[in-house]
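A, B, C and D are the chain letters, set down in written order, and residue numbers restart from 1 in every chain.
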Amino acid sequence: MEIVRYDVDKEADPATLVYTFGGAEAVASIRPGTVVSTWTADCYGGRVRSESDMATQVTDTRYINPQTGPFHIEGAEPGDTIAVHFCSITPSVDWGVSTTIPLFGALTATPYTAMLHEPLPERTWIYDLDVSARVVRYRALDSDLTIDLPMEPMHGTVGVAPPLGEARSSLTPGSWGGNMDTPEMRAGTTCYLGVNVPGALLSLGDGHARQGEGETCGVAVETAMDTVFAVELIKGVPTPWPRLEDDTFIMSTGSARPLEDAFRISHADLVQWICDGLGLSPMDAYQLVSQTALTPVANVCDSNYTVVGKVAKSHLPGFTGYAGVHDRLRTLAASIR
Amino acid sequence: MEIVRYDVDKEADPATLVYTFGGAEAVASIRPGTVVSTWTADCYGGRVRSESDMATQVTDTRYINPQTGPFHIEGAEPGDTIAVHFCSITPSVDWGVSTTIPLFGALTATPYTAMLHEPLPERTWIYDLDVSARVVRYRALDSDLTIDLPMEPMHGTVGVAPPLGEARSSLTPGSWGGNMDTPEMRAGTTCYLGVNVPGALLSLGDGHARQGEGETCGVAVETAMDTVFAVELIKGVPTPWPRLEDDTFIMSTGSARPLEDAFRISHADLVQWICDGLGLSPMDAYQLVSQTALTPVANVCDSNYTVVGKVAKSHLPGFTGYAGVHDRLRTLAASIR
Amino acid sequence: MEIVRYDVDKEADPATLVYTFGGAEAVASIRPGTVVSTWTADCYGGRVRSESDMATQVTDTRYINPQTGPFHIEGAEPGDTIAVHFCSITPSVDWGVSTTIPLFGALTATPYTAMLHEPLPERTWIYDLDVSARVVRYRALDSDLTIDLPMEPMHGTVGVAPPLGEARSSLTPGSWGGNMDTPEMRAGTTCYLGVNVPGALLSLGDGHARQGEGETCGVAVETAMDTVFAVELIKGVPTPWPRLEDDTFIMSTGSARPLEDAFRISHADLVQWICDGLGLSPMDAYQLVSQTALTPVANVCDSNYTVVGKVAKSHLPGFTGYAGVHDRLRTLAASIR
Amino acid sequence: MEIVRYDVDKEADPATLVYTFGGAEAVASIRPGTVVSTWTADCYGGRVRSESDMATQVTDTRYINPQTGPFHIEGAEPGDTIAVHFCSITPSVDWGVSTTIPLFGALTATPYTAMLHEPLPERTWIYDLDVSARVVRYRALDSDLTIDLPMEPMHGTVGVAPPLGEARSSLTPGSWGGNMDTPEMRAGTTCYLGVNVPGALLSLGDGHARQGEGETCGVAVETAMDTVFAVELIKGVPTPWPRLEDDTFIMSTGSARPLEDAFRISHADLVQWICDGLGLSPMDAYQLVSQTALTPVANVCDSNYTVVGKVAKSHLPGFTGYAGVHDRLRTLAASIR
């Protein structure tokens, strides 16, 4: 086992950072089987720090959601899959931030769901983070209420370079991963991503101290993260849409609009995955998914919306995904704690 | 406390049963505070009983999803809310059935998502139900696999007469409730429904021994149910979209197409409910929902799709919905076991 | 040929009028082949008459869009089609009205596309109608501009009772017709509607002096209409979704959400209709539609959205729809002018 | 006036051509006011030539829809607008091709609208083009029918580099233009595109001899084109979404999913454009658009769907868009015929 440290310049000029999947040169090369320890900036690059900082004023909106990477995964070729297992995801600071952004979010007009309304107010909430107590403290702006919520750290954005020569904003999720914004992307989860270009070009960022399902206002409790992840390469096995696995569930993601298409992608992929894994006919797998799937919405704010379909492994006797990569990476992760 | 038995003729001619919300005369009158014990047929009226019974052949498709009711709730007027608490929901037979239906379901062309494909195959799965062990046994049709799944009984359909003089098929969910098909409609849950016509005209049916979130193929593990529920009347409090409450969560439902509109309805209602319950400003409540909501998809197969947004009461210190009706009904339910 | 006058009480209590398709008794019986001369109220029942009348204040929102009918078509049975040919549609008054309505329209949050915005302002525009000059005069409220637009009278709402025992609001379009709000429903057009209940129960209303495609703000230039239409019955031929025909085009409508489903319905129906009419294979008809269809949006404001797909008859050599009913009704209509 | 010839190597290796907006170096620099004469390949690069050529077999699906360009427009900066006027668009060969492609099109399951159906059959239709007679000949594959249709040449794809560092496939439309697939992009039309990067980086391609509105099967009558266009630069005027203008209409496009969002974008932009051009209040412009817009669907097959909202200039007395650029380019174009 190899542990590699990849350091990020926390004071770098925002214009020099990476804001796309595809379209950027690899910053480092990683051998499959490696554990990487690194850091990710918050989605605002640390520039929204107080309740009086308005995101649209203190940031350059061309430079939102910087990614750490991309990493070249040695030997990865189109048609392969990489597995990214999150060993740990820990806030590196004692505060997080959420905001509303004019014309962004699920319960507002947007540039796509175009309407004649004035934008909703732009506001900023600062959360206190207590990593040892695993507490995230919400503080209302317009009244005195504070509420301690459980810390549940996750990465909103994990992905590889897309196909067709595209470079996609780190604000967008799709078949390449990207800004899926699902709380399932937590420590203990393995993320499977299909490879579209040589080296895959893996990036990650957008740490959230916690997030509701749907990320309704468009912004989670954003924070910088110290993250340790392990990477494996699965040769000759394609993965059309990102899949996740943890000790309890297998999960398929879909990212599209309208939201039912995100649902359809995730559930059609679950059907296929379970066909393959249990040797069921498509109709039998369709039936089994229909009675066993849990289906948490991930985000309804990004330029594609994301849905997760998941089935408990306890309902899939004999099923093993990707020849047991998750279990091996889980063991590996345990060994380095 | 009053316990009322409402008996259903299990051998009735299907053409004489009730298949709409609105458009039917009340079968009984219920005083608020009453506990009702009754029975509901399965969605096929018990006519699909073996793997060789095809739903489109053994049933008359005009008569799908019969409802028990409607019940006239004494004193209910437009602008009020009724609370329906499920004391118990128990399969009354030892089998359940699921099927595919041509051009119905989430992963197939439908009359609305019209395409040029041939329909998927029509198939029927029969499940063994073991009420005492709380087990639902899946049996693959095309291979030898059987899987024991946990029994989690629920009602797919609960609702009142809609507004505007409409009568709506029991296959459709909407602001009046109806065919929401959410697994949250289980014993221990209170369902709040806004009243649109005098007496509310409450009906229920469509029992499921279990169901995946999304009801992907369009049909759950359908079964007849012995159900006990309590009804309360909340005067002068409107409820625009159905809300649910159990001991742990408050929940808002939205039923619409596209699926993001179902999401928007449920989350906008959560924001409003929490504004009211905690005295928060709308933007503060929007923020709190964004970080705390869980968002399970309910169905993506009916003529409207349904999403549930839910927030743990533990994240809402001091919140009480509907002046504590759920707690009172919970206590009442406990007293009759 | 028989010409029948059906008179409407223009001073009737709004609560006594008909606001649903289905759920109302027939007001008259019509023999196929009859020409009917009648009148329809505007969607507000004439109660919004000046720029200071706000629709939500001067009307009871339970009583919007009254229909003339329903008419029992003699001999019509489920599985048949009725053809309704519009001989003439003429404003019966010299004014029309349009308004905005809070939370209704395409460019605003609505109860379905639920958001946290305040509603847009409610405003009322009164149009001068000059029937002889066929002019509709727009007058800006906030500046001095007036614009004379061509009068293009049409019915927003034409339909029959829906299937499954439903009664549907006259504000909603669907497979039964209803509030399709397409400018194609003009004099010279024949509308084909599938029959769901004995007698079909045809109603119509919602006259528009003109309307943009999409009916963007949700309200056209609403006016009362003197309308003459002819009805024919086509036995044993079902029509799943409303079709239109004029001298130049055949047209299929779809009404659904999201809007792409309305598109899919209309285009799949065009493919089917052309398969049948030209003896083409489905793939050849799909190809022909792909290169020849015009596709005007009808409405993006109602509870279902409507799209019209149309193909010029000049591109369909040898095609005759419904055995030439349109041509016969056209001739009939010409004979009574 | 300057006329510039830009020649394309018609025999180039497909892998060397340009398939994205953004992500490619300019091939030439164009001074505003220039007329450019060039050629565009058909979407298959000329490789699908007979009814037995299946697109998925004779092409490399990474290299679909090659673009001519990108052209650097001198002086164009973010925040400016370029105007591209089509002087002439003429098929350069005497044949066109259309196909079905598995899992692509409006009436089929796709990778996004994921379903369990088998793909529809892949077929190829070859059209005879007669440029002098302006005829496109459809020939059914499965029966003997041929139909002569009017030639109406257009470009499916016209656009500039997108913002945020993205490179987008030439198969996708969006705010940068791209694969909008609207028949309005014909000779005589001026297309306004907002500039996102220095030089704008204009490309065009995807000629269609004709196309139905919606491009239902996903493929028009594809053909190589000889095209002459003029370019102007409008400094300091942004254009958020592509607009079109011809002698009769102003038009706004929206490209998004679901289709109602494409509608909303185009109609909200029309409202804004007319506010600006006539000095109307937003509500007065909303009203005027509601009664005057025509709304042809452009495509319902691409990764975003496109809707065009258009208003006749005759309904907009005193309106001039972009200070009369269209009229000047129209005159320029007339001078070179």
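As a working rule, contacts are C-beta pairs under 8 Å (C-beta built on N, C-alpha and C of every residue); 3 or more make two chains touch, one makes a residue touch a chain.
This structure is a prediction, so every number in the text was calculated from the model and none was measured.
The chain with its Cα centroid farthest from the Cα centroid of subunit C is A. Here A-D and A-C are compared, and the pair linked by more C-beta contacts is A-D. Note: centroid distance subunit A to subunit D, computed from Cα atoms, is 34 Å. Centres computed as Cα averages put subunit A at a distance of 33 Å from subunit B. Subunit A and subunit C have Cα centroids lying 47 Å from one another. Multi-chain contact residues of subunit B (touching two or more other chains): 107, 113-116, 120, 257-258, 264, 267-268, 271, 283, 286.
On the side of subunit D, the complex with subunit B involves touching residues 107-109, 113-118, 120, 258. Those residues of subunit A lying in contact with subunit D across their complex are 19-20, 22-23, 62, 111-116, 163-169, 171, 175, 240, 254, 256-258, 261, 264-265, 267-269, 271, 282, 286.
Interface residues of subunit D facing subunit C in the complex, by the touch rule stated above, are 98, 100, 106-107, 120-121, 123, 125, 136, 138, 140-143, 145, 147, 149, 210-221, 257-260, 263-264, 267-268, 271, 278-281, 283-284, 286-297, 300, 305, 307, 309, 315-317.
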